[in-house]
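What follows is one structure encoded as structure tokens, with my remarks underneath.
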Amino acid sequence: MKNIIPFGPQHPVLPEPIHLSLTLEDEIVIEAVPALGYVHRGLEKLADIRDFNQMIQVCERVCGICSMIHALCYCQGLEDMMKVEVPERAKFLRTIWSEIHRMHSHLLWLGLYADSFGLESLFMQFWKIRERIMDINEVTTGSRVIVSVNIIGGVRRDISAEQIRWILGELKIVEKEFIALQETMNNEYTVKKRTVGIGYLSKELAHSLGAAGAVLRGSGISQDMRQLKYAALSHLDFEPIVEYGGDCYSRGLVRFREVLQSIDLVRQAVDKLPDTEISVKVKGNPEGEVINRVEQPRGECLYYLKGNGTKFLDRVRIRTPTFANVPPLAHILPGADLASVPVIVLSIDPCISCTER
Amino acid sequence: MIENEEKVPKKELVGKVQQLISQGYRFVTISCVELDEKYFDLLYHFDKDLTLITLRVVVERGETVPSITVLLFGAFLIENETQDHFGIVFEDSVLDFGGKLYLGDDVRRTPFCKYGIKDVSKTKQESE
Amino acid sequence: MFKKFIEKSQLKSPWIVHLDCGSCNGCDIETLACLTPMYDIERFGILNIGNPKHADVLIVTGTVNHRNKHILRNVYNQMPEPKMVVAVGACGLTGGVFRDAPNVVGGVDKVIPVDVYVPGCPGKPEAIIDGVIEALAKLAELQKEGRKKK
């Protein structure tokens, strides 16, 4: 017997509105059709009435979770277009903040993911650790979530030596508490039972469906936009993290290890932090076309910008990582149990406000 | 001008995409730009080992474009988005939302187009 | 007697339902952060639940667009009386930076009546908890009026 079950948009396990029409045969999903549009705002169009400096604030609000990295991508694109050389210290500060953002996003996801298979205490633990990261954000930039530090030509704020010492101390505690959860998250029998082999995506499929980020790396393809060496990453040791399982467990493992990697990257960046200006003055208006890509917590993010010599940009096109991961999701849901659907949906780390903009 | 850009006529698009896939390129996305009253630019982005290449297709307003979802299922979202925002119709799409991916049933206009203002004000009044 | 019991528990342990209505996630994660050990709203007896039919307070984050305004109205209508609506964040209040975007209707109060407005972009967890407490004071007044009528 076939049943069609609507999943969402207001659903207890989902913090965000996405709608899936699940066609079920008994308890097995045989077709999943996503329906979007509950968060659509059309903010790319705001480029017509907001000038290129004001657009930074709009880009930050594409998605609250990776706000800083959105602004980073936009600013890097425009700097590229206007041929601005950003001071070294600004590049390092950008890297530090973007890695802190990645940690906060991954910890958030790990918590929600734990909640999706019913381990609520683990959810609480991850979010407890995350509060320390939020404190770092608040102390260094003045805001917990939407970190408005990027401007065209550099950054707005500096981190003092005293703050750096404090950040390193906090990171030490974060690392210790985080590693203490490793055993539960990665080796616990009940967790493995819910995640290993669930939502399998093969390497070939991940490639042909154009997946991004942890979904791609969890399927054994070593691709991370940080390999492009943007900002200060050219000075830092970096290897993309790859897992070969292709299931929910592997995707979780990739993100788990990336938190530790981010802590390491922040430490490296702090060590090498040069002593220069933090921003340069920018003159003129952008003209031309440019594409810039960065790695967000959820994967590859692409900005296409087109300027026409006035202060309003012709086109701002934002391709966000979840947008690329929705087709793989529609592909891995068929064959799964209805009870596994929340786990699989969360395993791609959906960010719907990114997807629809 | 973007790096690694190639102009492709609309007729050869599907063949060219097929060729890229067989070379091991990964589909990234499509960007649509409104050039003037008559023309749109469609930019197809592909990636291989961190190099991005772009196919540029010029489309006239009102024309249909061959869908690449037959080759790349992953393109269905962006094709539907472009249809929502710019009103460009893709032929033979595997999963067609008919311009209602994002927009509500009571909104009938293409919000990302500068031109065609007459139409917009009319439908705006209707929707309000 | 039973009614009194319900009225009292509504104030002492309000159940909230959270609806994301086109926000950028900033306010959502701050609302979720209220549940976690740092802020822990459960110590006030406030419980976050998924079912609007069980809820006393509706927390709405984000702007309203042409598609989700139906969902918002639907969820609001499902809640039993008396109910309170708390709008969180600049977008929920007026539309925020998105107010001029093509597919945005505006603040939450264009669709349903809002009782408490929590400003901020995003609203801080402390502010959100404060907003809920404020809503409870209003709820108590509503209950008083309801008793007078009878």
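The first chain written gets the first letter, and so on, giving A, B and C; residue counts start at 1 in each chain.
Convention: a contact is a pair of C-beta atoms (placed from the backbone, for glycine too) under 8 Å apart; a residue touches a chain by one contact, two chains touch by 3 or more.
All figures in this text were calculated on a predicted structure; none of them were measured in a lab.
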item: More contacts between chains, A-C or A-B; value: A-C
item: Most distant chain from chain B by Cα centroid; value: C
item: Cα-centroid distance, chain B relative to chain C, in whole angstrom; value: 39
item: Centroid distance [mean C-alpha coordinates] between chain B and chain A, Å; value: 25
item: Averaged-CA centre spacing for the pair chain C and chain A, given as whole angstrom; value: 28
item: Residue numbers of chain A (touch at least two other chains); value: 37, 40, 42, 45
item: Chain C, residues touching no fewer than two other chains; value: 65, 67, 102-103
item: Chain B, residues touching no fewer than two other chains; value: 102-104, 111-112
item: Residues of chain C touching chain A in the complex; value: 18-30, 32-33, 35-38, 49-52, 62-63, 65, 67-68, 71, 75, 96-98, 100-104, 121-122, 124
item: Sites on chain A touched by chain C in the complex; value: 9-13, 15-17, 37-43, 45-46, 49, 57-58, 61-65, 67, 108, 111, 123-124, 127-128, 130-131, 134, 144-146, 351, 353
item: Chain B residues touching chain A - in the complex, by the definition given at the top; value: 1-3, 21, 26-29, 31-34, 43, 45, 50, 52, 54, 72-78, 85, 95, 97, 100-104, 111-112, 114
item: Residue ranges of chain A touching chain B (in the complex, touch as defined); value: 33, 35-37, 40, 42, 44-45, 48, 207-211, 223, 225, 227-228, 288-291, 293, 300, 302, 304, 306, 314-315, 317, 319, 323-324, 326-328, 331, 356
